[in-house]
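Going in written order, the chains are labelled A, B, C and D, and every chain counts its residues from 1.
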Amino acid sequence: MASIPTDLSTRCSLLLPKYEAVRGFSHVLCEPLEIEDFVVQSMPDASPIRWHLAHTTWFFETFILKRFARNYQSIDPMYEYLFNSYYNGIGEQFPRPQRGLLTRPTVAQVMAYRREVDNRMGQLLLEASPEQSVQIAPLVELGLHHEQQHQELMLTDLKHALAQNPMYPAYESDAEQTTEKATLQSWHEVAGGIVEIGHTGNDFAYDNESPRHEALIPSLEIAGRLITNGEYLQFMDDGGYQRPELWLSLGWNTVQSQQWNAPLYWVRQGEAWHEFTLCGLRRLNEASPVTHVSYFEADAFARWQESRLPTEFEWETASRKVSVEGNFVESRTFHPAPTKETDGLRQMLGDVWEWTNSSYAPYPGFQPSEGAIGEYNGKFMCQQYVLRGGSCATSESHIRKTYRNFFPPEARWQFTGIRLAR
Amino acid sequence: MASIPTDLSTRCSLLLPKYEAVRGFSHVLCEPLEIEDFVVQSMPDASPIRWHLAHTTWFFETFILKRFARNYQSIDPMYEYLFNSYYNGIGEQFPRPQRGLLTRPTVAQVMAYRREVDNRMGQLLLEASPEQSVQIAPLVELGLHHEQQHQELMLTDLKHALAQNPMYPAYESDAEQTTEKATLQSWHEVAGGIVEIGHTGNDFAYDNESPRHEALIPSLEIAGRLITNGEYLQFMDDGGYQRPELWLSLGWNTVQSQQWNAPLYWVRQGEAWHEFTLCGLRRLNEASPVTHVSYFEADAFARWQESRLPTEFEWETASRKVSVEGNFVESRTFHPAPTKETDGLRQMLGDVWEWTNSSYAPYPGFQPSEGAIGEYNGKFMCQQYVLRGGSCATSESHIRKTYRNFFPPEARWQFTGIRLAR
Amino acid sequence: MASIPTDLSTRCSLLLPKYEAVRGFSHVLCEPLEIEDFVVQSMPDASPIRWHLAHTTWFFETFILKRFARNYQSIDPMYEYLFNSYYNGIGEQFPRPQRGLLTRPTVAQVMAYRREVDNRMGQLLLEASPEQSVQIAPLVELGLHHEQQHQELMLTDLKHALAQNPMYPAYESDAEQTTEKATLQSWHEVAGGIVEIGHTGNDFAYDNESPRHEALIPSLEIAGRLITNGEYLQFMDDGGYQRPELWLSLGWNTVQSQQWNAPLYWVRQGEAWHEFTLCGLRRLNEASPVTHVSYFEADAFARWQESRLPTEFEWETASRKVSVEGNFVESRTFHPAPTKETDGLRQMLGDVWEWTNSSYAPYPGFQPSEGAIGEYNGKFMCQQYVLRGGSCATSESHIRKTYRNFFPPEARWQFTGIRLAR
Amino acid sequence: MASIPTDLSTRCSLLLPKYEAVRGFSHVLCEPLEIEDFVVQSMPDASPIRWHLAHTTWFFETFILKRFARNYQSIDPMYEYLFNSYYNGIGEQFPRPQRGLLTRPTVAQVMAYRREVDNRMGQLLLEASPEQSVQIAPLVELGLHHEQQHQELMLTDLKHALAQNPMYPAYESDAEQTTEKATLQSWHEVAGGIVEIGHTGNDFAYDNESPRHEALIPSLEIAGRLITNGEYLQFMDDGGYQRPELWLSLGWNTVQSQQWNAPLYWVRQGEAWHEFTLCGLRRLNEASPVTHVSYFEADAFARWQESRLPTEFEWETASRKVSVEGNFVESRTFHPAPTKETDGLRQMLGDVWEWTNSSYAPYPGFQPSEGAIGEYNGKFMCQQYVLRGGSCATSESHIRKTYRNFFPPEARWQFTGIRLAR
C-alpha cells in the first residue's frame, strides 16, 4: 500500500474517528440479523457472519496489537488459528470449508472479542509516538479497508445463505423498489495511446494498484450505462443459454454442468421472473442493472451483442471523466438501481462490480508488502478476472478508480454486472 | 406397531401426562445450549437441533392433527416440506444435506411451533371419543417413541458438531468422571435350539419387531460385560489398525481411505489418549466401555480375540435373563461407564448400543404399517446392521429387549460398542 | 474348500485333462476378440480381458508353483504385483481402477506367460508324489474353479465394455435368437421346518458353502420359472421406476441418482425396446428372462407383485427337486432364453443368477482356509446379497446347488434375474 | 489463419507432397507401438493414439471432403460423432473422458479410414480448380498443422500412459543419452518501448496470432538458456515444495492436494533421482533442461530466484534475434537436451515449451475464423497461460516465433520448461 508522510498529521490518534466509524458500521450491518444468521456457511467461498466479525478483529490484533502494544497478551491463542484466513506467514489455518461448523466462540463472545480489541486499539492509537505512528498508521488504514471489504462480503455471503431457504427471508424488508424506466444506451469515445495506470498520490491504496505505469490502449467506445435486466432477458429469449457459439469453452461447460439458465437468484414463478434480493423476493425490474452474472455470462452477452468487455486499463482511462458518486452501501438499497441520468458515462462507480476482460496480474514491477501482510493480494494473481467500480454493497469511502477487485470467472454471488466496449 | 386394546383405558386423555413428559424432555436436553448450537449440521447424517425439534413436532402435526383435529389449518405450509425427513408418501423433502443452511424458522419460531402443536394436541387428546382414540392413541405412542429416538440423535449429532471445534466445548461440564476399575470378563452359556424372537404383548413396539416368530440358534457363550477401552487399546497396540487379515474387505478399505487409527473422538495428546465426550475432552478411562466404534471395528476386534459378535437372535435370547436397568440418559452421565457388578450378564441394557452380526432384515411375514407411516422402518432394511440394548443417550422408557436399532457398518457417531460371543 | 481323500485317485496327474480343458476354454472364449478388446476397463468393478488371463495364471503360479515346484523361479517378479487381485497376505496390489491403463505385458506376452505356467504346472502335476498330491490337488481344483469364475467375468466385463461403444459391436454375431413364447407361471410348495444347508460330500466346493448346518425355514411357495421381460415391462408400464413406495430407501436413491428407468443394456429406439446382448443389439424378446437387474429392482418388482424374493435357504431347499441342467455357457447362446418346459420347477440352474433376499454372511462355524487363500471368500461377507443357480455365462461343471455367488445390491452387469416366492 | 494469395502457386496440387509427408509422419511415430498402446487413455486430458489418428482424419473429412468433394459419401456416419473433439458447430461429441473405452473401430479400421480419406484428399487436391483452391488450400494447411499438433500430443499422451506402468516401458529405447555439462547462464538485454506483436506475411499462422498489433514492453533482461535439472534440484533442496511464500495461492493448494514434491515423471530410487522418458527410466541428467513442470512450479522457481517469467510479448521480442533451430522431433531424442552453445540466446526454439506469465487472451481486434473452424482457438482464451517456442516433440516445420501454445497452469504432461526474465 502507499506510504504515508511522516509529518504530525500522521499521528495515529487522528485515525481514531475513522477507526470507530468503520468498525461500528460492521455492527450497523448486523442489526437486522438473528443469532442464527451469524452461524451459517452456505458454500466454501462464503463465510459465516460470526467469522467475518472475528477475522477482521483478528487482523488488528495480529498485525498491530501483537507487534506494537506494550506487554500484549493474546486474547485467546486459539483465535489465532480459528480466524486466520489464509496467512501462511502467521501459521496454520482452520479449514475454510468448515467455518460453518463452529458454534463457539458464540456471537456474544465474538462481540466481546471485538470490544476488547477496540479498547486496546484505542489506547494504542492514542499513545503511539510519531515514530511508531509511521509504522502503525498504514496498518490501521489497511485494517480498516480490509474491514470494509469484509462488510461487503458479509452482505453477499448473507444473501447467499438466505437464498438457500425456500422461505426467502429478507434482510431488509422496508427498502422501496424503484419504478424508473431504463434510459437509452449511449457510447463514449476513449482516445487510444499510452496512458498512465495505477495509483498515485498519498491516499490509501492496495499494493496491487502499484506501481503506476504506462500502458498502451487502442481507441475505443465504452457504453454509457450498465446492461439492464431487460436487455439480459432479450439475450435469454434469443437462446443465450442454449447456444455454445456464444460462450467460452469453460463457460459452456459450466452452463451445462451447473444447469445455468438465468443469473443467480433469478426465480421463475409461473410466467414471471423474480429476483431474490436482500429485500426479499421481488418481481424482476427490467430497468435495473443485471447482476449476479459470472464473467462467462458477461462475456457471452457481449459476444451476442457483437461487442466486448473493456480491459481494466480501458475502464480506468474512461473513468477519469467521472466523479466518485453512485449507489453505494450508504444508500441502503442493497441492490443496484436504474440510473436516472440520461446521458454521459453513468454508473461507473457503485451499483455493480463491472467485469473486465483483464486477467488479474501484477503490474510491471509489482512488489508485495513485506512479511505476512504481503499475502494480502499478490498470491491470488492467477485464474481470476479484474472487476472495477464497486457496488451497492461497497462503502463509498472504500472505492477508488484504480481499485482492482478480482474473482474467478464462474463467481456469481457478488454484485457483478456488465458494461460493454467496442 | 402393536395395536392397543380398545377398552376405556385407551382414552387418549390418559396419554397426556406421558405426552407432556416426553415433549418436555426435548427442552430439558436443550437447556445447556447456545442459540448457535441449534443451527449447525456437521455432516449429512446428522441434523441441526432446530431441525430435530421441528421435525418431531411435524410428525404429530402431519400424522395426527391433520387427520383428526377438527378444521385443522396447517401452521405453516412450508413446514410440511422443510421438516419432512423421508416420507415420500407425504411429499417432497427439503434436501437432507442442506438442513444446516437454514436460519429460519429461528429457534424461537420453532419453539412457538412446538407450543402451538402441543396446545392443539392437548385439546385433541382431551376431546377424542373412544372410537377416535382407538386410531389416535397408537399414533401418539409412535410419535412419542419417535421423539425419544430424536432425543438420542440430538445428543449424538450435537456431540459430533461440538467435536469439530478445536476448542472442544462441553455440553455438560459438571458430570463427574468415574474412577472404577474394570471388572473381569466372564462368559455365559446360552442354550441352542428353536427360540421365540420378536415383540409380544400389548405394550408399544415398532413394526420391525414383529411378527414374533421362531428362529434356530446354536449353543453359545456370550460375554458378561462390554469390551473396555483398555482392551481396545491392546488391540491397537497389537497393530489392530495395520493388519488387513483382521478386517472385512470393506472395513479395510475404510480404515485406509478414512485413515482410522482409533475410535472416533479419541485424541492423542503427547503420550496420552484422550476422549472427547459430551462433558468435554477427558483423559481416556481404560475401565469404561469402548464406544464410537463402527461395525467394522467391532468385527475386527472380535476376530483379533478369536471370537465373534452375537447375532441379534442370540442377543435377544441371552437378554431374557436380565432386567431393563442400566446407564440411560436419565443418569445424566452422557457417557458409558464401567460396570460395578462383578458377575452375571452385565450392561446388556444402556451404556452403548451393541453391534450384532445380523444384517437388518424383515422378520418372516413382516408387514409395514399402512400409508406413509409404513416408511418408518421397512424401507431401510438393506445394508445396515442391527444393534441392541440402548445407550447412555437412550431413555429408559424407550428401550426394550426386542428393540432393533440399525446403522450402516461404517457409522461411528452413535454410542456404539462391543460385546463378544463364541 | 472340501478336502479330497488321499487314495491313489488323488494323484495330481489325474487332474491334467481337466486342467487343460478349463485353461483352454479361456482361450476359446477369446477367439472372437480383437487385440483392442483385451485392454479396456470400462468401470472399476470390471477388469480387462488381459488382466483376467494373467490373474488366473498368477493364481496357479502364486499358490502352487511357488510353493511346490522345485527350484521355482518367478517368471517376472513384477507380475506378482500387477496381477494380485486382493490378497493382502501375498503383498501389495496394483490399484484395481487402473488395470485398464496398462499396455504391457501385451496380449502376446500374457499368452506366453500362460504357456509357461501351463508347462510348469503340467510337469508338476505329472511328477507330484501322492503325499504332495494331497496338498496340491485341492489347490488345483480351487484354481480351476477360480478360472471358471473369471471366464464368466470375462464375458460380463467384455459385455460392459462393448456396451460403451455407440456402434454396439457384437461378441458373437451368429447366435440365433429364440422365438419361443413365455410359458405360464406356476407355484410350487416347499415344506417348512428344519433343513440341512450347505455342502456335503467329497466333491469340490468353496469354503463359504461350509459347514453344512441346520436352518429353519417357513412353509412357502416358490415360482416355477423366472420373471420374463414381458412381465418386467408391465412393472415399468405401471410406473415401477416412478413409485418410491415400491423401493427400499437405498434403491430409490439409486434410481434417482443413476436415473434408472429400465434394466441395464435396455435401449429405447423409437417406440421399441431393444437389448444390447453379446450377440449385438436385438429387439427385446418378451418371453426371455429379464436380466441385468439389480437387487433393488428385483426387490421392487417382487413388492409390486405382492410377493417377495426367496431366502438362500429356501432356494437351496427348493432346488433339491431339480437336476443340474440348463442354459449354461456351453450352449453358446450367451444370453438367457425362454424355457420350453411348461410345468415343474424350471430354470433353477443356468440362464440368470437369481437374487435372494439373504445378506451374504458366514454359515455358523465358518472357518476360512488357512493363509492368503483364506481371503478368497470370507472377507467379502458384508453389504452383499447372495445369488444362486448360475447363468448362461457359467460353466456347467462349475455350478452346484449349494453355490453362493454374491454381489452388492446395486450391481447390474452380471446376468442377474428374478424368481419370486410367497 | 492468414489468407493465401490466389495466384497459380496456390493450386492445391502443390500441397500434395506436404500433405503426404505430414500424414505419413503420424505413421512413422506409431512404428514402435504395440496395438495395445493405441487404446489406452490415461487421464481425461489425454487421448488414445487410435483417437488421434482418427480425429485428424475426421478433420480433413469434415472440413474439406464433405464440403468440396463431389458426391461425397461419409465413410461412416458414426465417425462424425466419435471423432469430433469439441466442435459444437458440427454436432454432438462422444464424451471425452470415455475415449479410452472404445475398442472399435480397431487400429486396422482406423488405418483403413486414413487410407480412404487420403485417397479422396489426393484426388481432390489434384482436381481442384484455381477457384476452389483458394478455399481449399488454407484448410489443408490448417489440417496439416492440426495434425502436427496432434503428433506432439500423441507423444505426450503416450508418455503419460506408459508412465502409469510400473514396468516403465520405453517408446524408443535406442536413443543415446547426452553427457554434456551445463553451460553458464547469461542475461541478454531487451530494449523497452512499443513493439510489433503477432503474425505478418503470407505464411501459415493460426488465427490467434493475429492481428499484428502494437504492445508496450519495459526494458528487461532475458536468460540466455533454459533452467536445468541441476538448478531445479537446488530449488528442491532449498525447500521449494515446502515454502508457501514462494507459491501462488492456487499453486500451493495444488502442491498440497496433489502432493507434488518434484516435476512429473521424476522417480526417486534410493538416493538418486531418475526421470521417466520416452526412452525409458533414466538417471537424472543435471545439465538437461528441467521439463514437465507446471506454470505454478515455473512461477515459484522464478520467485525463488528473485526473478520472474517473461511475458509473451517480451519473449516474442527477444526471439527476433535467433534463428528457428533447435532440438525438435526430427532429432528423435524425444527429450530436451543440454545446449552446447556457450553464449547468446540459446534454446529459444525446441527442447521445451517455455511458460510465459501471460494469460491466454485475444489480441486486440481478434476475429475467429467463420463457422465451426472458428472454434479452433478462440473459445479457449480463458484460464490458460501462453507457452512459446516449441519442444523436442514439435515438428520444425510447425513452429514459429509468433506461435502461441496454451495450457492451464497445473498442466505438467507436456514438455514444458522455464526461462527467466528480470
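Throughout what follows, contacts are C-beta pairs under 8 Å (C-beta built on N, C-alpha and C of every residue); 3 or more make two chains touch, one makes a residue touch a chain.
Protein names from UniProt, one per chain: A, B, C, D = Iron(II)-dependent oxidoreductase EgtB.
Computed from a predicted structure; not experimentally measured.
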item: Labels of chains that are neighbours to chain A and to chain D; value: none
item: Centre distance in Å when chain B and chain D are each reduced to the mean of their C-alpha atoms; value: 60
item: Interchain centroid distance [CA atoms averaged], chain C/chain D, Å; value: 47
item: In chain A, residues with contacts to at least two other chains; value: none
item: Touch-based graph of the chains, sorted into line, ring, star, complete or other; value: ring
item: List of chain D residues in touch with chain A within their complex; value: 86, 88-89, 194, 214-216, 218, 244-245, 247-252, 357, 359, 361, 364-365, 375, 379-383, 409
item: Touching residues (chain side chain A, partner chain B) in the complex; value: 34-40, 42, 50, 78, 81-82, 94, 98, 100-107, 161-162, 164-167, 169
